[in-house]
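My structure is below; once you've seen it, I'll send some questions.
For clarity, chains are labelled A, B, C, D, E, F and G in written order, and residue numbers in each chain start from 1.
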Amino acid sequence: MTAAGFLALSINIALIMILLGLAVAFVRLAIGPSLADRVVALDMMTITIIAFCGVYAVAVDDPSFLDVAIVLALVGFLATVALARYTERRFEQDEDQKGGTRRKEDDDA
Amino acid sequence: MNAFVINVILAFAWAAMTGEFSLASLMTGAVLGFFALWLSAPLTGIERLYFVRSYRIARLALYFLYELLLSSLRVAWDVIRPYPRNKPALVEVPLDVQSDLEILLLTNLISLTPGTLSVDVTPDRSTLLVHAMFADDHAAVVAELKNGMERLVAEVFEK
Amino acid sequence: MEALTALIIGTLVAAAVYLMLARNFMRFLFGLILLSNAANLTIFASGRMTPGAPALVPYGEDAPIGVVGNALPQALVLTAIVIGFGLLAFTLALAFEAYRRLRTMDSDKMRYAEPKEDRKG
Amino acid sequence: MSWLLVMPIAIPFATAVVAFLVRMSPTGRWVSLGGSILSLVASVALLVAVLEHGVIAAQMSNWEAPFGITLVADYLGVVMVVITAITGLATAIYALGEIPERVEKLGYHALFQTLIAGVTGAFLTGDVFNLYVWFEVMLISSFGLLILGGSREQLDAGIKYVALNLVSTLVFLSGIGLLYGMTGTLNMADLRGAIAEVENQGLVTVVAMMFMVGFGVKAAVFPLFFWLPASYHTPSFAVSAVFAGLLTKVGVYAMMRMFTLVFVGDIGFTHEILIWVSALTMLTGVLGAAAQTDFRKILSFHIISQIGYMTLGLALYTPLALMGGVFYLVHHIIVKANLFLVSGVANKLAGHTDLNRIGGLYKSSPFLAALFIVPAFSLAGFPPLSGFWAKYLIVKASIELDAWLIAFVALFVGLLTIFSMTKIWGMAFWKPHPDGYDPTPDRVPDSVRIPMMIPIVGLAAMTIVIGFFPEPFVQFAEVAAMQLLDPAQYVEAVLGAQAEVQADLQADAPAGLQPDATTEEEQP
Amino acid sequence: MAEDSDPNAPWVNVAGMTTVAITAALFVFFLLYVPEVAAGAPVLWSWDWIPSLQIRMSFWLDGLSLMFALLITGIGAFVMLYAARYLAGHPQYNRFALYLFSFMLSMLGLVLADNLVTLFVFWELTTFTSYLLIGFSHGDPKSRRNALQALLLTAAGGLALLAGLILLGMTQGTFEISEINAAGSLAGEPYYLLILLLFLAGAFTKSAQVPFHFWLPNAMAAPTPVSAYLHSATMVKAGVYLLARMHPSLSGSDVWVWVLTIFGAVTAVFASLMALRQIDLKQTLAYTTLMALGTLTMFLAGSTGYAITAAMTFLLVHSLYKACLFLTIGVIDHATGTRDADVLGGLARAMPITATMAALAGLAMAGIPPFLGFIAKEVAYAGALGMALTIFVVLMSLAAFALMFAVAAIVAYRPFFGPQGALPRKPHEGPWPMLLGPATLAVLGLLAGLMPGVTAHYLVEPAVAAVMGAPDEGGRLKLWAGFNLPLVLSLLTFALGFFLYLRHLDLRARLARIEARGPNLDARWDWLLERFMDFAKFQTRVIQTGVMRQYLFATFTVLSLAILVPLILRPVGGVTLAFAGLSLIEWGVAFLIAAGTILVVLTSSRIAALVGLGVVGIGVALIFIMYSAPDVAITQLLVELLVVVLLAVALLKMPYLDPSNRQVHRPFDAALAVVVGGLTTIVLLAVVDVPFDRRLTDFFEGASWTEAFGRNIVNVILVDFRTLDTFGEIAVVIVAALGAYALLKGGSRRAPEDEPAKGEKE
Amino acid sequence: MNSIIFTAGARILVALVFVFSLFMLLRGHHLPGGGFIGGLLGAISFIVYALACGSEEARKALRVSPEGLAMVGLGIALAAGLVSALFGDPLFTGQWYWVGGDSYETALFSINSVLVFDIGVYLVVLGGILSLTFAFDEET
Amino acid sequence: MLDVLVGLFLLGGGGFVLIAAIGIVRLPDLLTRMHASTKAGTLGSLLILVGLAIFVGSAAVVSKVIATSLFLLLTAPIAAHMIGRAYARTERQREADPKDSGKLVTDPR
């Protein structure tokens, strides 16, 4: 096997592994059960996409896909943060409601 | 960090000289500028600390990369082995570092290194809540973190 | 890939339609997002798909070398994505405000503009 | 010349920017008014140019068609632009009286101006994707205007309006994608030639039908009009007047444009379907109106009914029918906007739009009554008001084609329109006010009433002028119809010399075989 | 309406007097044309109104239009004068004067029009102005209803007429009536029957022929002057006028004869019986108007000189006496406060002038010599004898004239000389402005009878000539035409009429009983409207349900049909699913998207749906990455990210996603969804099968750097080649932001006190 | 929120993402990027800010109202198009001034209306999205 | 030779990504799972990026790779921290509330 052949093979294997990783992460996403679990899965997927971009850039020999990776690396965590915040707030809200102190919505009936 | 500013200026100067404002030329300029500053330190009166700190940063980075690799392998092994066996627990680590940046650096490094994950810092910055994957002995976990990562981080920032 | 994309689009459209027909307006929103994606992909696929060759003119060249991805549909999709985002954001705000004021997300129960009384006899 | 085409779009945008930046002060409304005046001036200038030179086109960004985006003004386009500016000015004046400061501070004038810009852009663009963009500008502005105020009715209405319009938008967008996939071009004039060369003409028909559905929702034809009666009675009156006048017409316009310029390969199918759609639109709309007892709801359903006449003009596809369609478009914008404006004044004076809860306007506000009568009976097609000539043209076109059933429907719907208009007249004007007071004009301060009355008077005057002196308008519509039926002038204005090349190619090349040579020739 | 007026109020005002003066002036104007027209020289005045549509505003003054013009302006002037006094002090008198005057002008335009479209314009104007007049007492629901009834019925006929005249104009190549008539009868030409029926529909509704008659008595809700004017001289005669006007071209077929004869005769007899049945004198007169209209129609069925002369003469007579009698009833009403036939009586002493006038008019109506009414009757019988369906026409005429005799006695004799009942007010003579008109008209009726030659020469014969479309030999109007069959029939009429008068109370009761059993068309009208409303509401309820998902269901159904039908009917060809050369990666992405989609569809967890959407977004971005669209991929990812952020923020405050997939409609939804999705796939597959034309792309690739100086072609398209799109797009972004901002910030925090800041009252 | 870790990270990230957004804006004409992407990134930088410190603080950091900023952006974009009137070209025709050369081949860099337009796009996207996000954040 | 190195990097990266994904499915509780995604996922992506850097070798790409890596190292732990924090907070509160012995952070529907 030539070096180039090995590279081509590794690229394919890497891509397949990454996609498999996406699929597996998706399982966690789908089954949950908690919100945080899903968020972790989504976070994992973001990182996976970065990896995908990297491999793909090698595969087609075009570094412009690295730009996608940079952007994701820089801001991909935002979704996670927002959802984490959601989890926390949601929980607080549930607590409020359980305590019978459900905040009155500004309903001008 | 006046020295850093000068270093950055030198980097840009290099880029301008080569006529290529690419990231690569800037990086080259930065490295060369660093070297130049080091050489000219007695003349310019730049503190030694700048170079020491740079060294410490580099050392931290290498240590960290090593730990990252190690931790990933451990996690990987734990994931792959038929019956994952670990004793996770939340461990409270007293914090010595106080500045935002230090805390950030420390917690990030802790998260990326073996068996530990920073979960939270108490608002008074006195305690770090760490999730340890192999927490058979809480004290050992605390000691490892304090002697390893926290020390190195603190050194980077110490005068 | 166009064929597979067509299948993907079909799936997205079917799911979107099904979601949009639900009573809960949030599902409509989800459907809307899927349908937007489907429409964008439709444009993209209609311009034919070329793998791994971004529409860039390399430095030192006057034109792209070889066959590169069709830039026009990309530009259109970009435009459509941003427009779709604007519309979606507004719709989300609308849903949000509607829930705040009407206390329901069930579109069957949203009968303020066309109240039920009107329907009698 | 190119700037003449640009200004009617650019001015409202610039106005929107300025009006928004000063929205916290009363200056905002004067900026908006000033912008509307300028828009009208610019539109009229464009009209003059079109009257002088025929179809004019401008290549935006200076890239020749079909590569850049072309703005085109033919007779139909320019008259729509002018009428948009007129409606815009009318409602801008009206808004001085009606729109409360709170709403102004939320950016009413900016939204209003972008709406006008979007509508104008849709009328002027010669590029199908650009048309989509203008549709969206218009749509999103209308969303914003529709819910300004935030009442429960508005929110409910907004949900339905938004939902159905977004679906149509996406259908339209997908249709554009598919059309591009078949032809590789987006310029409408270019599409005309390109689409004729597509081998799979059946597929073209399929895509054409997608466009018809997309535009059909916008135009509110049967059975896609649900969003209209669900929403048009909820926003402020100035807004509903603009909506009523302009928004559905953009759908009709787009249909007219695409189904005369581009999708003309299968008229026996597409236009035949449109005939029956039109008939059902007329009928269901007018029956819907008959079932209502709310001033604005009646008017809303009538929009639908009248849209049927316009699409019928297109569907019948004869010079006379298209002429009627164009005439109808123009007439209806003026009249319907005016009726909504009147309903706003009636609401201010008598306190409601529910006809059961108001009355007495004839006795105490005869001037308003007269101003209602003009558009109402014009809508009902009474001679010699503008609506009569519109109806006359459509009916005559149907009769000429021996389409008796259609002619009957058109006439019968006219009768039912009278019924609805007299219902409003009887209940809001003739009937005494159920609360026993006289809704005299002095119930509303002059500063509110006078700005509201000015546009009503102006639009009514236009209705009368068109009705009494229809000849120039008929002539105009005739030319517009001819340009639609034979778009050679349009195509040439857009594509310039290329049109001839293309025509030659079409003549020489065997059908369905497009030589790639064009690509080289067209590259500068 | 007199209730709102004030008898002591000053009645001379600008509006009233101006209209009277102008109308009188118009009368004089037309009078001046009499010799010229009688000499057989019609006057044409024409303006090229809408040349593109061959529509001219043209007027034609011949015998027929002149007679009508004189009646309209002459009677009009008197009626307006009368109204000024009758409605003195009425708060809406000025409007009334305006309407009446407009009506007069419309009517004038109608009878003078030579262009069918011009005629129609005025035709509809009379409909409209009469609507305003009938509904003048708009506070009264009945008045409004009757006005609407009249409007709808006559407008319906008008629309038929419109269709007819368009067709006529189309087939004849001209809208000029004189030209069409000059070409003679159209019978036998294509479309003749349709044109005829459409014209008749217009004429019969306007002239209230049975079964469209019921609006006319209801229209008596209008003030008396209106009744006098609309229902005697003018509007209702528009239909008759149209028949007369179009006589040369539309007559000449059996259909014409049969339809006109039967409708006319039935209307005449039915109306005269109904007239006998009324108690309200105004209603009685209304029905006699109907009777006259029927008679006129019946005679217009004929084509002989006698028949037409009968029609024209009777038209003239009827206008004079009917206007007079209406106005007289108005005077009585004004003076006594009632129009009840049973109460009114013995008024001759208190109201001698009125009594005289009424007597004169009554005699004319009854057809007593030497009034013109007598001559008209004679001619009518003569005409009847010469018409098709002779016996039928004669018998019907006899019945009608006899009944008219009786009614004349009831209306003109009994209130003045009969037994008096309990009157609401003490009777007194009417004021002169209200007497001038009726008096003149009554006297004219007598004079015209005394000078039949003059009447014939100047008025009747030119009219007959116009109707016949040929010069008339004339000489038919004679007080004494010799002892002939018409005279016998006349005498028979008197006898029968006298008998009927004597028994009229008895008859009235019997007729009332019959009427109660027969179909009540007026009630049917209400029923029809109600059913119509029911239907309208029903269909609106079915279509406009107020439920959004039903709207969407319909929309998607239409969409799928719109794709499916041409897909089946047109040769689209098959589609191929070519998956060759696809790597596992592509399939993986496809399955990822599918998995995300399914998650969104199936989950009832909001957050699961949200992350599912995120997955779809990522999958789509992967496609963009793989297929050379890094810009799009970045944008897609960033937008997806923002969507997730916004949704996460918003979902927090939104309710749970109830598991809604168990409702009855969901299987249907699912089926529709699959259809729409499948069709989309098929269409796209077919589209990508078409060879692609890369013209534009090639240009962009070539010009991007060399002409637009950018290396990222996508960006160059966005900011240079297609800047306008991008500009519109950022406008969308900004407006979306403004709208959402307004929604979120403006809705809940709205202070109600804010609202009236600009004088609103909400 | 007040997570010390996140706040500390946000301090770096806000600046980083913002600079990066400008970078993407400026390179967009030649490499992936441009006004949209730049604007989206710019907006995200302030969203990070808002997540860390609250939208009030983020608004303060922005100094101008996001709606106003977006409108100004629209104005700039429009002006970039209108400026071609001065040169007798149709709307939005790119106007290029070459610095250090006389053509795109020789010049060092250029001053051009296309970039101005892209800056307008950037501002609109930035302002528009921030306006939306802040409104959402403040109303929930 | 370089190709082989690149291939190895890609394979290693892909492997770590896949393992990380499997980890978030297999590992028993949320915080433990996050160890997988945070460490192995990040490392996987980094390896792939390094592979890309070696493969292309241009200074521009190397510097971009460095930037991407730094961004990733900065953001990934922050994201993980946010989820963990939200999870831990809610978990602790629930522990304090004995009535809620069920799932940690119930999944809000």
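Note that contacts are C-beta pairs under 8 Å (C-beta built on N, C-alpha and C of every residue); 3 or more make two chains touch, one makes a residue touch a chain.
Keep in mind that what you see is a predicted model, and the values were worked out from it rather than measured.
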| item | value |
| --- | --- |
| Between subunit B and subunit D, the fewest steps along chains that touch one another | 2 |
| Pair joined by more contacting C-beta pairs (D-F or E-F) | E-F |
| Distance-maximising chain from subunit E - centres being C-alpha averages | B |
| Gap in Å, rounded to a whole number, between the CA centres of subunit G and subunit C | 30 |
| Averaged-CA centre spacing for the pair subunit G and subunit F, given as whole angstrom | 30 |
| Centroid distance [mean C-alpha coordinates] between subunit C and subunit B, Å | 43 |
| Per-residue overlap in subunit F, given as positions that touch at least 2 other chains | 3, 5-6, 9, 12-13, 16, 30-33, 36-37, 41, 44, 47, 67, 71, 74, 78, 81, 91-92, 94, 125, 128-129, 132, 135-136, 139-140 |
| Subunit B residues counted as touching two or more neighbouring chains | 107-108, 118, 120 |
| Sites on subunit C at which at least two other chains make contact | 20, 25, 28, 38, 42, 44-48, 51-54, 56, 72, 76, 78-79, 82-83, 86-87, 89-90, 92-97, 100-101, 107, 110-111, 113-114 |
| Residues on subunit D engaged by subunit C in the complex (per definition of touch) | 129, 132-133, 136, 139-140, 143-144, 147, 150, 152-160, 162-163, 166-167, 169-170, 173-174, 176-178, 180-182, 186, 229-231, 233-234 |
| List of subunit F residues in touch with subunit A within their complex | 1, 6, 13, 16-17, 20, 24, 31-33, 37, 41, 44, 47-48, 51 |
| Parts of subunit F lying in touch with subunit B, wherever the complex brings them together | 2-5, 7-9, 11-12 |
| Residue ranges of subunit E touching subunit F (in the complex, touch as defined) | 630-631, 634-635, 638-639, 641-642, 645-646, 649-650, 652-653, 705-706, 708-712, 714-716, 718-720, 723-724, 726-727, 730-731, 733-734, 736-738, 740-741, 744-745, 748 |
| Residues of subunit F touching subunit E in the complex | 28-37, 40-41, 43-44, 47, 66-67, 70-71, 73-74, 77-78, 81, 91-92, 94, 96, 104, 110, 112, 114, 117-118, 120-121, 124-125, 127-129, 131-133, 135-140 |
